[in-house]
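Comments concern the structure below.
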Amino acid sequence: MLRFVTIRLLRAGLTVLSVMTFAFVVLRMSGDPAQVLLGPDVPQNIVQDFRDRWGLDDPIWRQYLSYLRAMLQGDFGLSMRDRSPAIDLVVERIPATLQLTIPALILQLALGIPAGIYAALKRGTLADRGVIVMAIIGFTVPSFVMGLLLVLVFAVVLGALPSGGASSWQHAILPVLTMSIGGIGVLARFSRSAMIEVMGQPYIRTASAKGVRWSDVVRKHALPNAAVPIVTIVGFMVGSLIAGAIIVETIFSWPGMGRLLIVSVTNRDLAVVQCILLLVAAVMVVSNLTVDLLYGWIDPRLRQAPPTH
Amino acid sequence: MQLSLFWLVAMIACAIFVDVLRPFPITQMNLGTRLAPPGTPGHWLGTDELGRDVLSRLIQSVRSSLVIAFGATLLSAFFGTLLGFMAAKFRGVVEHVVVMLADFQAALPFLIMSLAVLAFFGSSMPLLVCLMGFYGWERYARITRGLAISANAQGYAAAVVQLGATPSRVYLRHILPNVASTLIVSMTLTFPEIILMESSLSFLGLGVQPPDTSLGNMVGFGREYLTTAPWIMLSPATVIVLTTLAISLAGDWLRDRLDPTLDSIS
Amino acid sequence: MSPLLEARELVRIYETRRGLLGRSAEVRAVDGVSLRLRRGETLGVVGESGSGKSTLGRMLLGIDAAQHGTVCIDGATMPNPGTGDWRALRARIQMIYQDPLAALDRRLSVAQQLREPLDIHRIGDVESRTQRIRDMMQSVGLRLDQTDKFPHELSGGQRQRVVIARALMTEPELLVCDEPVSALDVSIQAQVVNLLADLQRDRRLGMVFISHDLKVVRNLCDRVAVMYLGRIVEEGPADTIFVDPQHPYTQALVSSVPQPGRALDSRIILQGEPPNPGNRPPGCAFHPRCH
């Protein structure tokens, strides 16, 4: 187990390093970092100060190391907009984004997994078909279309809910719905097929042939085994939630990190873009690591021979 | 199934014969007929805020979206297969590098990585295709690596090596044709995802740039007129949904026909 | 004159990781094996599964490099795998596999399978290649109307004939057969063994025949080597080994072959399991099971 955890931790560290390297390469390829990160019309003394601090006159490998050190210290440069540190701007927006993503994730888990398991146990029923239709919607309707349709129905036609802004809890309903509907379908379909796969295994037949109560077969034998693939997909869903937040916050004018990213990309406020990039990468690495460790905990086989992929 | 194939053929026909089919040039404005609703004679799907014909723009958009998705799918299949084969051939260090790249990809939601790159370099058509070409490569890499390793372990590839074949002969003449059907099925999975990715970027105003048009950016501009002229946004949205749905269904059908073992990879 | 094949002190060790902290253990799959094969001679290698006989076969062909020891073909040292010399040498040394369906590219017709070695080693022109393919199909007992068949359209025995034909296309001098009949129906096995015996005699092939089937080995081979846990415990002419085995392991193996007119209860039943190869007993590895 120790070895398993060490390898996973090493890989996570390496991944963070590779994302930072990616940011460094992209930054270097697009021009002089002092210009890029500080913007065009900055007083000469600030530029020189930045050049000294980042060691921009040093050889490239020293720059790379200084860059890594700056990143680790949270120095991402200044936002073009009001010259405040990029990291402060980003951190300020985090709570708003969490207000959408956390309820959406909870909704997905709380509805998607049970729906999928139920569908697997009651194959061919109306509920089962419903899960499949939901999944198809999840795969084919992009979130910007889903969001706009919800606005059209609930805000424009029915006038029941606000179409944008963040001043009350009602404002969060449509964004959270938009983010979770597709995910619920995807998660449900995935749990359904994982469960069906497990239910076809010989040990399930053995257990029910032994006379174990059906509910115990499902609870003690089927669910723990179906959990492994479901955990994987949940790892992926965190990524798609973050990506989804960008689009949903844009549609609903929600003042979160996603909207900040779009505004910064449009204005080429690169210090902020870079900061968000690294922050998201850190969140994803932690979430993937959690999934990996959870795996090891659920499935003892994976602890012994770490698969190369 | 027939319906989805019919739809796909219609879409491809749109993309190929766009110049013949399109009733109006996509930039032709007619301020006299602004925001005409669908059903207006001459403008069957209505007009937008500048009086441009929605149907014409739609046909043009189908072409840009399909061309980008097609180019990107080929690129990503090429990359992924190459990396997968290299990992299978050289194992060791190369394999670790490929795993590291896949970890990297998993650590950055693709949309965010694309946004960052577009922020630094600005948006252009070639960059967009290349960027989308990085989408989904790890799926091909994983599949080709696995199949190549098992073919090399004790299968036909090992036998051909023992006959004295060079590695390029083994990979190009034997392993590649054997994994081709699996690759094609995977492409039907990647293709709709790339369409969605490109339309999301274009919707955000960072993909295809005006005066060019794509399905996503039509939805993006139509959004402003959601209350007064919802058709501007609804028709491209419908096309996106139907196209991705049709490709997924066609892909399922292909998978059943070509490769029943692939069921668990999705 | 140097022997066709000479192996000296071959060693192949696999590392396996055991335990959660990854203490690695050595599995000595092949542990100091030496053998010689003359032109036109057949050598049987027998042993139970896990005795290292398949690994030995791959090392003799140079597919797995030896970690210690040397393999010489016709007096010349085996080139490293993946080099041009190694590939060129494939024309002279060939292999027959246990599972013919896995060893054939399922997209290629019989004729294409057989053309492959000629293309690779650039032998003959288009016409002479076609002629050679026809001749070879006849000599391995395939019908000419099967030229355009695909592997899945053939029976197991026919597939193995294709594999054999493919191996012989470049007229090799050495053939290593790794359990060539054990995946086939019993009724087909004899046909394929007879085919191999005929081909070996007609073409004066040097042949290493790896098998756990003692009857087959006795019928086919001039000499026999008995492997146990990566080592050859006994080697000699087939008649001597089968009539008067010296090593207790060989005695047990030989006694397990049913013979007409001998009661089954004279079998020697070995006690216990073969030891874990990662933890081989000191001295003679067989001693814990010796009677």
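Things worth noting here:
By written order: A, B and C. Residues from 1 in each chain.
As a convention for this text, a contact is a pair of C-beta atoms (placed from the backbone, for glycine too) under 8 Å apart; a residue touches a chain by one contact, two chains touch by 3 or more.
Here the structure is a predicted model, which is why all the values come from computation and not from measurement.
Chain B has the Cα centre that lies closest to the mean of all protein Cα atoms in view. In this assembly, the chain whose C-alpha centre lies farthest from chain B is C. Mean C-alpha position of chain A lies 54 Å from that of chain C. Averaged C-alpha coordinates put the centre of chain B at 49 Å from the centre of chain C. Centres computed as Cα averages put chain A at a distance of 22 Å from chain B. Those residues of chain B that touch chain A in the shared complex are 95, 99-104, 106-113, 115-121, 142, 145, 192, 196, 199-200, 203-206, 216, 219-220, 223, 226-227, 230, 233, 237, 240-241, 244-245, 248, 264. Chain C contributes residues 61, 63, 82, 87-91, 94-95, 97, 99, 102-107, 116-117, 120-121, 163, 166 to its touches with chain B in the complex.
Put simply, chain B touches chain C in their complex at residues 154-156, 158-167, 169, 174, 177-178.
Taken in their complex, chain A has these residues touching chain B: 11, 14-16, 18-19, 22-23, 26-27, 29-30, 36, 136, 139-145, 148-149, 151-152, 156, 197, 239-240, 242-243, 246-247, 250-251, 261-262, 264-266, 268, 270, 273-274, 276-277, 280-281, 284-285, 288, 308-309.
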